[in-house]
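So, here's a batch of structures to check.
Heads up, the next two complexes both have subunit A, just with different partners, subunit B and then subunit C.
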Partner chain A sequence: MIGPSKLAGRLIQIGAVVAALAIWYLATRHQVTKSLFFPPLAQVWQELVRLAQAPDSYSAIQVTLLTIAKAYGIAVLLGIFTAYLVTRSRWATQVFEPLLSNMFAVPLTLFLPVFILFFGIGANSKVAYGAAYGFFPVALSTIAGFSAVDSHYIKAARSMGANGWEMFRHVLLPAAMPIVFSGLRVALVICFTSVLGGETISSIAGVGRKIALSAELLETARMYAWILFVVVLMASMNGLLSRLEAHRQEAAR
Partner chain B sequence: MSLMTGSATLAWTDRAGRLATSAAFARLVLLAAFLLFWEFGAAWWGDRAMVRPLSEVVQALFNRVLSDPKILAAIRVTFLELSLAYGLAILVGLGIGLTIGMSRWAEAGAFPLVVMLYGVPQVVLLPLFILVFGLGPASKIAFGFSHGVFPIIFNVVAGMRNVNQLYLRSARSMGATPLEIFRHVTFPHMVPSFFAGLRLAMTMTLLGILLAELYVSSAGIGYYTQVFSETFNPAPLFALIAVLAGMAILLNELVRIAERRFTRWKD
Partner chain C sequence: MTASPAQLAGTAAGAPVVRVEQVSQTYRSGAGDARAVTAIEQVSFEVGRNEFVSLLGPSGCGKSTLLNIIGGLIRPSAGRVTVAGKPVSGPLPQDIAFIFQESTLFPWYTVTENFHVALKFQRVPRGEWDARTRHALDSVGMAAFAAHYPGQLSVGMRQRINLARGICLGTEILLMDEPFAALDEQTRMVLGEDLSVLLAKTGKAIIFVTHSLAEAVFLSDRIIVFSGRPGRVKRVITVDEPHPRSPDFMVQPRFNELRNEVYGLLRDEIRQTLMDPGGAS
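And now, the complex of A and B:
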């Protein structure tokens, strides 16, 4: 059996995108679909150009990116710190690890109204919501990473007189890095989608609000333009993360 | 006699000591401490517009949430949306996953497309779903389905990929037809991964439905959470959230029980 190559997969992928665009183009050209839901592609492109020229779009993008950065920063710092404290003793790990993973299984989206009640409708509630969502993957993967560190390393470092910070910085973190990194990656995607989701559902500013607003005003072409922007942003973020991880693995070798 | 009771009490204290230091017991103590803190902390320091003591939330659960026929109807609607979306996600996900897993060409061709689609952050498509499917339950079901279908596809494909080639080759050399190979070799090996997908899909479907409910809803649960949070009425809000969380945990446990039944052959 001859397996298809990676190139074939890539070609099919590109072909599918081209086919989808062609179908969209032809369908809107010949009025097969409602132009309200699927506006002509040219119109989406015009809206994209218009948005790129409007200063208002940049302030929305700035709000969203800043909110994501804050939420992610809090999630990473709190997650790693919590994992460090929890893994100081095997007993604490046994107590807290199932607790955290069970809490992560309950959809935090349930609490979105509570976040809005506590932190208001502005960006702060999205920071809190994104940080709370991103905290769990960071903490869980860091706990897993720290628990899996070879105890010989820890004993050796301790017998050489490493203090708490040195142990964390030079032994635990580097040894656990592959597992921690997977958590950091998941958390970034989660922060990204939960901030955008929070903005879409109820907010006063940001990219998510722009998408919801365009939909409410039935400006579907503008909505697609914004969605396209978010998809490209997400794809480039994922690409960057993959490059970073490959680079890190290369450096570790 | 006294010796016996002595050793019995010794055994008992020993067991009690082990219980007191067990992780599960510590979790219970933590939970109790949290609930006590909620009850008394909220009464002493809390802002009444933000938090209420636990006892008031429990009261609201029975007096406001579970006794209001409109809210009960909303919970029922959400539950129905969830079951339909989840059922659809399982059927379609299994269909797509099996098709992709059966042939290497389908895997090379269709799987990258599925991964690509999954890369789109779905929340930003929520307004589009509402535009196309309307304000009613249809848009919630569609959005929940779009969240739940991907974990099932991924796990079915992964499960089929993990089958030991040796088993496949020996089954083939013994003259098994493709259908027999699927029934007796591939399917039993796929089950653990499939159930992991089912569990994840349950969480994701619920997430999709809640997001859609919270975004816009005229009679569902989202409507009531919005009313309670906008009127600064936290007691019924927390009670309603507790009901939903209970629903999420219950459904998760049901899938877990089914998983244990179907993976029994492994041990």
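And now, the complex of A and C:
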């Protein structure tokens, strides 16, 4: 059910998007901006339709999505595993938690050339870069989540004979899930952003490459069409994750 | 305190299942720290099959610590515990089930899933899970809530199910750490009666940590009264009344005599604990 305050919120959210598009439309229509920098909305729409008909677009999207999926998968598995190891002792938590959180503060973008050096100009460097970046929020939130698990649950499971894996699977992970989930969500945004960023800066394929190429060729309408696509894609991924979380909360209330 | 604790504790009726031998526990805040705190000192007692023993004492006398030592969750600094003759060196899920202070039902699982996961931890074959869960829930009248999440139930219902989960594990020994502490007086008494009825059927050895005098007298075969920190066995009081006990027992003069006797023993200890800044935690 959507309540009145929730409805008002929705209207504001939709209104903001509509307003942005309206400003774009009006600004380009009255030639307030140079059409090269800021092409008319109609032109961008035409490009979008053209891109949707080009098979080449789909292979670019496929490359990017696959890269994001791989980077995210690695980040999540490695992050949770690391957090599990670190939180096995309080001492290790005290040593590694600050280390990880300080490393997360370093802009990994600076090391993108290193990633390309190690993994090549292809998708692999973007997978590694996205995974490395997404790893930190997953590990940090999972460490926080595991550390916050009520010791009574652990004691109870131990007394009932739970082994290490069972403790992890049935106690630690579900107990920490609300906090872990916030990290998973941040990590998805970060993987998405860093893969696209990496592709835009240096790559041979993918949506980011398409955007960079359009910009270089001064095909601004096409560039904006791709950017619009990315925005919609990100919004729907985020929406999907929100749904998932709401569903999980509903189930584990 | 001149008599040896072993003498005071006496022995269990019938063959002892749990034997606590000269157990002491000392905590240090850091390595080589001189300010060591002795939680329990030289505690010995036995618990027999089909016997309900309460541990009663002022806060901080190490009752819960002792229970964790018996259950193999903590290693004692000195002394040892044996279960069925074997020394305890870790959790013994086949022999010992815990029922803790707070309800330790996992809130992310339904009631049924909670039982299943407990039976899984305890290596019970999957085929038995359903029947045992149903039987346990029936025994506490909670069958209608099998599909509920703990968060959807009242504290009393949760603790009742928690109790059933502990009993359903089918261990010979049940360790209960103030299982009713979070409940109001009335619910506490009702659950106490239920427990008395449930346990009369199962013939387990139970060690029960409590703060409630009435609860201790109502449920126990023997009450082990502890001194304040460091916890030592001060006196053992026998309650000679068959199980299951009915609420009528509580209005008998003998009930009040026993209760007053225990209170007399505890009062001085509690007064001392209040004066001792070290006993604050």
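To be clear about the criterion, the second predicted complex is superposed on the first by the 228 of 253 C-alpha atoms of A that agree within 3 Å, B and C clash if a C-alpha of one lies under 4 Å from a C-alpha of the other, contacts with A are read in each partner's own complex, and residues count from 1 in each chain.
The working rule: contacts are C-beta pairs under 8 Å (C-beta built on N, C-alpha and C of every residue); 3 or more make two chains touch, one makes a residue touch a chain.
Here the structure is a predicted model, which means the values were calculated and not measured.
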item	value
Subunit B versus subunit C as contact partner of A:Ile68, first or second or both or neither	neither
Touched partner set for A:Ala225, first subunit B, second subunit C, both or neither	neither
Contacts of A:Ala162 with subunit B and subunit C, given as first, second, both or neither	second
Subunit B versus subunit C as contact partner of A:Ile190, first or second or both or neither	neither
Touching partner for A:Phe118 - first (subunit B), second (subunit C), both, neither	first
First, second, both or neither for A:Thr200, with subunit B first and subunit C second	first
Which superposed partner A:Leu100 touches (first subunit B, second subunit C, both, neither)	neither
Per-residue touch tally on subunit A - higher for subunit B or for subunit C	B
Which superposed partner A:Ala175 touches (first subunit B, second subunit C, both, neither)	second
Footprint overlap on subunit A, where subunit B in one structure and subunit C in the other make contact	none
Complex interface listing, subunit A residues touching subunit C	152-153, 155-162, 166, 170-171, 174-175, 177, 252-253
Complex contacts: residues of subunit A adjacent to subunit B	1, 3-6, 8-10, 12-13, 16, 36-37, 91, 94-95, 98-99, 105-107, 109-114, 116-118, 192-194, 196-197, 200-202, 207-208, 211-212, 214-216, 218, 220, 223, 226-227, 230-231, 234-235, 238
Subunit C to subunit A touching residues, read off their complex	68, 71-73, 91, 93-94, 96-98, 100-102, 104, 106-109, 117-118, 120-123, 149, 151-152, 169
Parts of subunit B lying in touch with subunit A, wherever the complex brings them together	21, 23, 26-27, 30, 50, 104-105, 108-113, 116, 119-128, 130-132, 203, 206-207, 210-211, 214-215, 225-226, 228-229, 232, 234, 237-238, 241, 244-245, 248-249, 252
